[in-house]
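Both of the next two complexes hold subunit A, though its partner changes from subunit B to subunit C.
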Partner chain A sequence: MNWRFPLAAGRTALVAAAGAFAVSALFLLLAGQDPLRAAFVMIGGALGSLDAAYEVLTRTIPLAILGLGIAVAFRANVYNIGADGQFMLGAIAATVAIQATGDLGGLSLPWLLAAGAVGGALFGALAGWLRARFDASEIIVTIMLNYIALQFLAWLVRGPIQETVAILPRSNLIPEPAFMPDFSDGQTHAGIVIALVLAVIVFAVLRHSVFGYRLDAVGESRPAAEYGGISAGRVIVLAMAASGGLCGLAGAVEVAGVFHRLEENMAPGAGVTAIAVALLARLNPLAIPFTALLFGVLTVGAGALQRQMGVPFPLLWIIEAVVIFAFLLAGVRRTRPA
Partner chain B sequence: MDQIFLVGLLAAAFRLATPVLFAALGEAVSQRAGVLNVGIEGMMLVGAFTGAWGAVVTGSPWLGLLAAIAAGIAMAAIHALVCLYYRVDQIVAGIALTVLGLGLSGFGYRLTFGSGSGGVRIPTFEKLDFGALGQVPVLGPVLFQHHAMVYAVLVIALAQWWFMARTGWGLAIRAVGEDPAAAHASGLGVLRTRTACLLWGGAMAGAGGAYLSIAEIGNFVEDMVAGRGFIAIACVVYGRWNSIGVLFATLFFGAADAAQIRLQALNPDIPYQFFVMLPYVLAVGALVFLSRRSRLPAALAQPFVPPR
Partner chain C sequence: MPPLLALRGIGKRFGDLVALAGVDLEIGAGEVIGVLGENGAGKSTLMNIASGLLLPDDGDILVDGAKRRFEGPRDAAAAGIGMVHQHYLLVPTLTVTENVMLGDPRLSSWRTDLKRHGADIAALAARIGLPVDPAARIERIDIAGRQRVEIVKALHRGARILILDEPTAVLSERERADLYAVIRTLKREGVGVVLISHKLDDIYAVCDRVTVLRAGRVVDAAPLAERSREALVRAMIGEEIAVEIAKASTDGETVLAVRDLAVRRDNGTLAFTGASFELRAGEILALAGVEGNGQQELAEVLAGLRPAEAGTIAFNGKPLTGGVSPRRRRERGLRHVPHDRLHNAVLSRRSLADNFLLSHWFDRAFGRRGWIRRRPARAHAAAVARAFDLRGGGPGKPLGALSGGNQQKLVVGRELWGSPRVLIAAHPTRGLDVRTVAALQAKLVERRNAGLAILLISSDLGEIWQMADRVVVLAQGRMLGPVRPGETSLQQIGTWISGG
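Here is the complex of A and B:
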C-alpha cells in the first residue's frame, strides 16, 4: 500500500472496471438480457433524475464512512469483517443515548454521533483485544460478532426499546433536534459533509501522525514493528477501535439522517460493499468517497435493473467480488526469485 | 434433563454438525497443505444453491449433490488460480470468494426456481431405514435415523484421518504445508499438491452446502449458510487440523446448536435471540481459549514460488 502511485491506482481501477463489465455482461446474457440496454437502465436508474441522484448520494454516505473504517484496520493488516456488527452497535448506542437523555437542543446531534462512535469503537476494540491478547482470528471473531449484534438488535427492537405502540420491530422516533440537517425535503442529508471531513481527517492521521506510522509498520510486518519498539498488540486494539468507531459512526449517521429511529436491516450488505470500496481505493482515505460514490451508483443502478428488467439484485455482489479480485490481481508484480 | 430431551439433542447434534463437518474436513486438508481459504462460506452457499437447483432440474438429489460438488470445485479452482499461481493475499481472496458465493447463489436462485411465486418442490434425500436398528431405544434415534450424508461424512472423517496420518500422500501434504522449499527439493510438486487439496476442500464445502438444502432443510434460502463456513474454519483450529479432532469440534457445535433450539422452547420467558446467539458466542469463546495453544501449519497462507 503506497500513497505515491496514482498510476498504480489508475491501473487497479482500469482492471476492476474491465473485469466488472465483462463479468456483468456475461451474467446479463445468462439472464437473457441485453447488456447494453442493461447499462443504460443502470445509469439512467442511478443518475437519470434528480430523485435518483439524491438516492445515490444517500447510499454513498454510509459506504464512505464504513469504507474509511475498513481502510484503517486493513492498513494494519487487521481484517475487520465486522463492519456490519459495529454499524449496528453504533446505531444502537446512538439511539439509546439520545433517548436516555432526551432533547439536548443543539447538543443532541453531536451527543448522538459521539455515542454511536463509542459504541462501535468498543465493539471493534473487543475483537482487537481478543486478537492481540489471545491470538483469536479477528476474521472469525468479527463475523461471529456480526451475528451476535444482529440478534441483539433484533431483541432490542422487539423488547426493551420497541416503539410505544408496539406494532413494528423498531424504536420510537428520536427527538427532532437530533435529526441530521437535510436537503431537498429530506431526500438526502448532511452526512455527506461528515463523510468528506472524515476522509480528510483519516488521511491526515494515517499519513502524518505517529499512530498512522505505527499502523503501517504493524501492517508491513508485526515482528519488525515489535523489534522497532512498537507494541503490535496495542496498535491492533487501537486500529480495531478506530475502525469500529468509524463503522459505529456510520450507524449513528444513518439513524440521525435517514431512519430517525432504530430499525433492523438499516444497511443490508453494506459491510461487505465497504470492503470493496476500501480496496478499490487502495486503502487511500482521500479516494474512498469516490469509490463509495461509484458503489452508490452501482447499488441504486442494480435496484433499477431488478425493477425494470428483472435482473436479480445479487448481481451487485458478483460485481463486488470481481472488483476485489481485480484489486488483488492488479497488485501482482511478476517477481522472479533470486 | 430427561431421556427424551437428551436423545433428541444427540440426534440433532449429528444432523447439525454434518454440514460444518463436511466443510471443516476439507478446510483442514487445505490448511495442512499451507493454503488458507476463508471463502468456505461462499463455496457452501454455491453448493447449497447448485445442489437444490440440480435436484430440481434432474429430479434426483444425488445428481444435485454431484452438481454441488462440481460447483464447489469450480469455486476452489478460482481460489487456487489467484492464490497459488498469482500469489495474491489469501485472506482477501477468501473474502472475495465469500461475496462471490453470496452473489452467485442469490443471482442463480432468483433466476431459476426462486423466480416463480409458487414454491418449487425440491427432491430431497430420504432418511436411511435401518429397520429394527432404528427402533432400538436411545441408540436408534441417535445413530440410526439419519440421512446417508451424515454417515458418509463420518466415514470420510475417519478415512481422511487415516489418509493424512498413515499414507505417503498424507505425509506429502503435510510436508508441503510445513516446509514447501524442502518438499520441492525432495521432488514434490508443491503447487500441484496444494491445488489438489484446495479442490478437495471445495468439493467438501459444496457437499456441506448441498446437505443443508437437499437433505436437512429441503429448500434454498438466500444466505442460508448463516456463518457455518466461518464456524467450520474455527472448528479446524479447535480440532488442531486433525480429522478426528475436527469431528469432535463440529459435534460439540452441533450439540450446542441443538441445545439452543431446545432451550428456546423450554424457556419462553428468556428472549429467543439470546439462544440463537449461543453458538456464535461459543465459537468466539473457544477461539479465545484454544488459539494460543494451537500450532498452525508453518507455511500457512505463505505463497510459494517454485525456484527455477
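Here is the complex of A and C:
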C-alpha cells in the first residue's frame, strides 16, 4: 500500500473524482437538468455560507472516523461492509452505558466514547471471528449483521429505552456533561478534533507498530504471513475489532456531538460512503480526513441540489458508486504487470 | 534461405538500467540454440522481446527475412513464435483443451467445438511424444505435465520457433531426459528451438549453437562443439569460480528427531507414512526424490504450517506438537526456505527491510513495546543484501521489483540471519545462476561447519552428492535411507528415487 500521499495517491483520486463528476453530469442531463448550474448549486450549497460550511464539517466527522475504521480492515484484506452496523452498536452501547451510570461529571464523555468503541469492537470482532474460525465471508456476515443492528436499534428505541414520554422512537436525552463540546452555537462540535487525532494515531499504529506490520503482512499475503509466524486468524479478529471499534466510536461521537440521544437513521448510508472515503484515500489514514471532507461537501451539496433544483438525493449514491468504480478501475490498471 | 527468426542489434532500457545492448541472435529451421547467462544477464528480456511481450528500444526483428514489429504476444504467435514461460500461464480450473484453445482465433464462435479440438491436440501431442490428456483439468496435472501442456499450446498455435525459458528448473532427472527427447523430435520436424538455461548439462544435451549473454551483451556465440564447459562458464561469469566445496567433518548432537511421521496432502491423500530420521547439528541431510512425493508436506509439518497425521517430532529434545505455533518454532531457531517462496515467503509490494522482518518481527532487536524498529531492520537487510550479492534493490523499492533469483537470495539470507539451529531449505539454489549457486552452496556448508543442522530438499542429485553428509529418499509414500554419499552409489539413490 502506498504511503506517499498525495503524490502517487493524488493522481488516482483526481482521475476517480473527474470520472465521477463526468458520469454525474450525464445523469443530470438524463434527468433534464443543467449540470453546470447543478455544480454551482452544489458548491454554493456546501461552501457558500458559514452555516453551510459548519454543516459540511459536521457531516465530515462520522465519515472520517468510519473511513479510518474501514481502512484498518481493508488493509488486512478483510472487507468490512458492516460499518453501519458497528456504528449503530457503538451508538447503542454509548447511550445505554451513560444512562446506566448517570452523570459522571468530567468522566461522562470519555466513558460514553469508550463504551461506544467497545460496543462496535465486539460487533466487529464477531464477524472477524466467524471469518477466521469458519472462513465465513466477512462481506456477507457484516451485511447481515447490519440488518441485525438496524432491527435491534429499532426495537430498543420503541421498547426498553424509549423516551419517557413515549411519543417518538428515540431515547431520553443523555446527561449534559456527556455532550461533546461544541463550536459556534452548536453548529459543529469537537468530534472533528477527535477525527484528526485518530487519523494520526491510526497512521502511527499501522505504519510503525508491530500490530500494523502484522496487519499489512496478512493483507498482502496470508500464506506468507503464516509462514513468518504471524497468526492470520488472530490478526483478522483483531483487525475487525479495531475496525468495528472505530466505527462504534463514530456512532458514540454522533450521539454525544449531534443527537444527544439514541435515534434511528443517525447516519443513513454513511457506512457505504465511508468505503468510498477510504478507497479514495488509498487506505492511507492521513488522507482520509481530506477525502471525508470531499464527501462531506458532496453530501451537503446534494441536499442543496434536492432543495433548490428538485434533484433527488440518491444522485449522491450514484456519485459514490462511480467513485468506487473509478477507483477500482484505476487500481486494476495499476496492478497489471507492465 | 533467411533464418526463421533474426534479432539484430536489439537494445532495451528500463529507466537507467541497460537490460540489452546490441544483441544479435539467429535461429534457423531445425536448429536448437542455447542462451546462457547469469540471473539478470538479459536472457528473459531478450525472449520477451522475441515473443512480443516487450517492444525493443533499438534493433530489428526479422521473420523469414522480413522486418516485423510485434505489438503483443498475438503478433508474435501469428508470426510463428511460441514461448513457454518459466511460470506457466494456465488456468487451473480449465481442462487442457480449454487452456490450449483459450484466445485461439480458431475458437471464435459461441459454439465451441472443443471435442474436435481436443482430438487434434491429442494427435499433435502424440506425434511429438508428449503424453497429454486433453480432458484433464490443469489443477490435477503435475508441474512437468503443465509444461507439456504449454509446449503443446505453443505448437498448436503453429509455432515454428519455440522459446523455452528455464524449462528444466522444475524437472526431475527423468523428466529432463523426456524433455530432451521432445526437443530432438521438434528439431527433426524443422522447428527452431531456443533453450534458455543456467545448466550446462541442458545445453550440451540438445543444443547446436550457444549464445552467452553477460550484462545485456553477447559475449560469446559459437557452435557448441567449439566450446568447452570451462570456456562457457568463464564467458558467463567473466572470472573463475571455485566449484569445490570443502566440508569439515562434524558429529553433532541430534537437534531434530522425526519418528514414524505420516502426513496428508491438501487433497486428503497420504503423502507418506512411517518416515523416521534424525538431523544432527553440523550436518547436511539431503531429502531426495521426485517432486510431489511429500517433500513439501514434510517441510510444512516441520515448520508448523501443516498438521501431522501420525508420528512424533522432537526439536532439541522437546516434542514439537501441533500446538507449537510457527512463531514459537522460529523463536527456538527453526528456519524455513519454502518451496514456492515467491508466493509464500515474500511480501512483494513491500520493501527489503519489511521482507527481512517477516522472519524476525518478533525479535527483540526489531520490536520494542509494540513498535517496530525499522532502522535496525534496514541495516540488517542491507547487510544480508551485501552478503548475498543482491542486485537491483534500493531503499523504498518493493521487493517484487527484483528478479526472482534476487528475491530468493533475500529469503535464504534472511533465514540464515542470527543464530538458527535448524534450516529446512527446499531447493535453495533452484533457478539461480552458476556463480550464485556456488556462492550459496559455500555459505550453507560454512554454516553447517559452524554447527547448523540443514535439511536440504533437492531434486538435483549433483547438488546432493556435492553437499550432503547423509541422504534420505522419499518415494512412493515411504522414506528410504539414510545413506552416506561416499558409501552408496549414485545409481542406488537413482533407483530408489524412481521407485525401483
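Here, the second predicted complex is superposed on the first by the 328 of 338 C-alpha atoms of A that agree within 3 Å, B and C clash if a C-alpha of one lies under 4 Å from a C-alpha of the other, contacts with A are read in each partner's own complex, and residues count from 1 in each chain.
Here, a contact is a pair of C-beta atoms (placed from the backbone, for glycine too) under 8 Å apart; a residue touches a chain by one contact, two chains touch by 3 or more.
On a predicted model such as this, the values are computed, not experimentally measured, just so you know.
Novice: Overlay done on subunit A, so just call it for subunit B and subunit C: clash or fit.
Specialist: Here the two partners, once superposed via subunit A, clash with each other.
Novice: Applying the touch criterion given at the start, work out whether A:264 contacts subunit B, subunit C, both or neither, answering first, second, both or neither.
Specialist: The answer is neither, since A:264 touches no partner chain.
Novice: Who does A:182 touch here: subunit B (first), subunit C (second), both, or neither?
Specialist: neither
Novice: Touch test for A:275: subunit B only (first), subunit C only (second), both, or neither?
Specialist: It touches subunit B, and subunit C stays clear.
Novice: Between subunit B (first) and subunit C (second), which, if any, makes contact with A:27: first, second, both or neither?
Specialist: first
Novice: Just subunit B (first), just subunit C (second), both, or neither: which does A:163 touch?
Specialist: neither
Novice: First (subunit B), second (subunit C), both or neither: which does A:140 touch?
Specialist: Touch status of A:140: first partner only.
Novice: Answer with first, second, both or neither: which of subunit B and subunit C does A:221 touch in the superposed model?
Specialist: second
Novice: Which of the two, subunit B or subunit C, is in touch with more residues of subunit A?
Specialist: Counting residues of subunit A touched by each partner, the higher count goes to B.
Novice: Have a look at 94-102, 382-390 or 418-426 and say which bit of subunit C overlaps subunit B after the superposition.
Specialist: So the stretch of subunit C that bumps into subunit B is 94-102.
Novice: Spell out the residues on subunit A that touch subunit C in their complex, using ranges where they run on.
Specialist: 1, 208-214, 216-217, 220-221, 223-231
Novice: Quick one: which bits of subunit B touch subunit A in the complex? Just the residue numbers, please.
Specialist: Touching subunit A from subunit B are residues 38, 78, 82, 86-89, 91-93, 95-100, 102-107, 109-111, 222, 226-227, 230-231, 233-234, 237, 271, 273-274, 276-277, 280-281, 283-284, 287-289, 291-292, 305, 307-308.
Novice: Under the touch definition given earlier, write down the residues of subunit C that touch subunit A in their complex.
Specialist: 303, 305, 325-331, 336, 338, 343-350, 354, 357-359, 361-362, 367, 370-372, 374
Novice: Residues of subunit A touching subunit B in their complex?
Specialist: Counting only subunit A, the residues touching subunit B are 27, 30-31, 79, 81, 130, 134-137, 139-141, 143-148, 151-152, 154-155, 158-159, 272, 275-276, 279, 312-322, 324-325, 327-329, 331-332, 335-337.
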